[in-house]
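By letter and in written order, the chains are A, B and C; residue numbering begins at 1 in each of them.
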């Protein structure tokens, strides 16, 4: 494992009850880059993503074996503090899910829960997160308005800012633009590319053009198996696995 | 950090404990009723309790603890009440579910629910001051405190339950059933009666059962208008005593730990069993209706 | 432009629905009549003195103040027990309970408890609170008996109110690293609160009108003074009405007071019901997340 690897996935198997959803998935995710996990609908990409911050723990019938190593530690070992893990690994969901609070309180939520900072520090961090999400200029005069008063694209950037407020190392994005219009999608993609300087980004998408535009590395999942992974350029122009090639040329959905 | 985890664990334990209390209460009631009720049979036999035709616990010499007149009183008032209430209730539910919409529907349902909240003493009082004189005048009898009065009141009191549960049962019928009927040219009315109503029959039956449970468990209204005579009723104008009113009338005057006292708990046990039984049956009926729509 | 209509076939349908509307409206008319009758007979007795003075001259004169106080007090005591336990239980059922037999048994028990006749709760209350726990006939015994009776109602409303909160609120909080309890406390309960409040108000209203559970656990026909402690006996509106209507030796003379009592009780109950209704309407309006 090179020092440049943020996340190392080793032999990950996942079952929901008796149904196997992920099989022997192994690949590395480099730090400070954008890695796309792509594949047809229902192949297990989102499930894989949710393993990285152990959100699948919430599903009672979920059984996992294998390892995911972040910062030298397997996050599935018994010693892992899941609360701390989720602070270090942030997530943005497919459908924007701002809390029914003000814009300010949405961002401040993570800070309050982890008891980070006093009043002034919280205010400073909220501004910093909103700036990083390219949202500050648009909302600075209405921080105490309801988050629902924002458009879909703005809400998604809000959720991103919310995740960034607690200073994670890694940000997971689960098809973040699928509920957005093309213009908002473009803005979000620009933002993602900019953010990789400060964070390791893993983005799930079923849209291969998006994967090509946005990512440096990508992993292609097919029916729960890892078909191929590597630098995006290489996977797209010279795919090594036939399944990848078929997907890229449009043979699957 | 540990404080946060500790609070998380503590919260979980507390909430589980609170839920177990719910089960505990049910068990506790059953246990007490059994414990005390069973002691009745130190002073009388099970047979003479269950099959005895006289309830006269305070009689000199030979007190009798016969359940039959009280059970008959409860049963007859309740069944008669349902005979009156069922047509009103189902008709009302059909109208509310299939014809009313929007604000009017909410208004009507709210009125029905509000009536469900009327204290039973108030309804009993109404039966006493309005219904009793009315019955007495219309039928030319000296007293209006009888089976008829009690049944009419119980009918009204069980209507909200019947209407509400039946309305739910009708609304749960998938819209696709109605659309299929409309598509072959059936009117709304025909669809409602020939398609939706039969489809909802389990749920509606559940509503009737819950109405039954409600009526048979009613104490105060019955106490005020039924006439208070523990005899098997032979006509609509006979005074009756129900199990509930018996307990209410006699518990306060009965010396502790006597057979009479325990017999009241035995009565409570019978009531508990009837209520539990009807509730469980109603529940399984509702489940059955919902299952029948999952194709 | 108007809605398309058809002629003949809907006419028979109209008669049919009329057949169902008539019984319903008869019922509604009966409800309205009952309220109107009680109100018109009782309103004449109502006055500031009636509401704030105790009864005098063997209940034939005076007011019903101690009954109002007693009713409110005993209902309050019952809620002190049932609301915290009920909400905790509701939280458990909607947030923690796994889908297994134990949970189904708990739910079934709660539904069964809701169907048990109030006089049975009265019997249980006498055996447990008055005698076994030696509270004697008191506000405490009656309050706890009533509390047991309205516990299932509170649990059910609390569970419904909490389940109605979208799961994305919880998920978002958990993904940020909050503990389960923190996500509930910060992101679920505050939004479920109006729904829970509605349920509590409805339970309050129903409890105020209950007579059977308090009959032998603490209510009394007459006390000289207002209840001074949890172990005092108390007067209550429903019982007062019952005695004036059926047990008093001058039934005819006290009849007007009985009407007054009935209408005061009814209005109190309906007032809380109305409050609950208003809150429920406001919830429906402000729930922007249900778009």
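Everything below uses one rule, namely that a residue touches a chain if its C-beta (ideal position, glycine included) is under 8 Å from a C-beta of that chain, and two chains touch if they have at least 3 such contacts.
As the structure is a prediction and not an experimental result, all values here were calculated from the model.
When every chain is reduced to the mean of its CA atoms, the largest separation from chain C belongs to A.
Chain nearest the geometric middle of the protein is C, using mean C-alpha positions. Averaging C-alpha coordinates per chain places the centre of chain B 17 Å away from that of chain C. A straight line joining the Cα centres of chain A and chain B is 55 Å long.
Chain A and chain C, compared by their mean Cα positions, are separated by 48 Å. Contacts with at least two other chains are made by residues 4-5 of chain B.
Chain contacts: chain A has residues 83-84 touching two or more partner chains. Multi-chain contact residues of chain C (touching two or more other chains): 179, 182. Of all residues in chain A, only 53, 55, 58, 60, 83-87, 90-91, 93, 95, 97-100, 109-110, 112-114, 146, 148, 159, 162-163, 166 touch chain C in the complex they form.
Residues of chain B touching chain C in their complex: 4-5, 7-8, 11-12, 14-23, 25-26, 28-29, 32-33, 36, 87-88, 91-92, 94-96, 98-99, 108, 110-115, 117-126, 128-130, 156, 159, 185, 187-190, 192-193, 210, 213, 216-220, 223-224, 244, 247-248, 251-252, 256, 264-265, 268, 271-272, 275-276, 278-280, 283. For chain C in complex with chain B, the residues that touch the partner chain are 9-10, 12-14, 16-17, 19-24, 26-28, 30-31, 34, 37-38, 85-86, 88-89, 91-93, 95-97, 105-106, 108-113, 115-124, 126-128, 131, 148, 151-152, 155, 179-182, 184, 202, 205-206, 208-212, 215-216, 238-239, 241-242, 245-246, 255, 258, 262, 265-266, 269-270, 273, 277.
Interface residues of chain C, counted against chain A in their complex, comprise 98-99, 168-169, 171-179, 182, 186-187, 191, 288-289.
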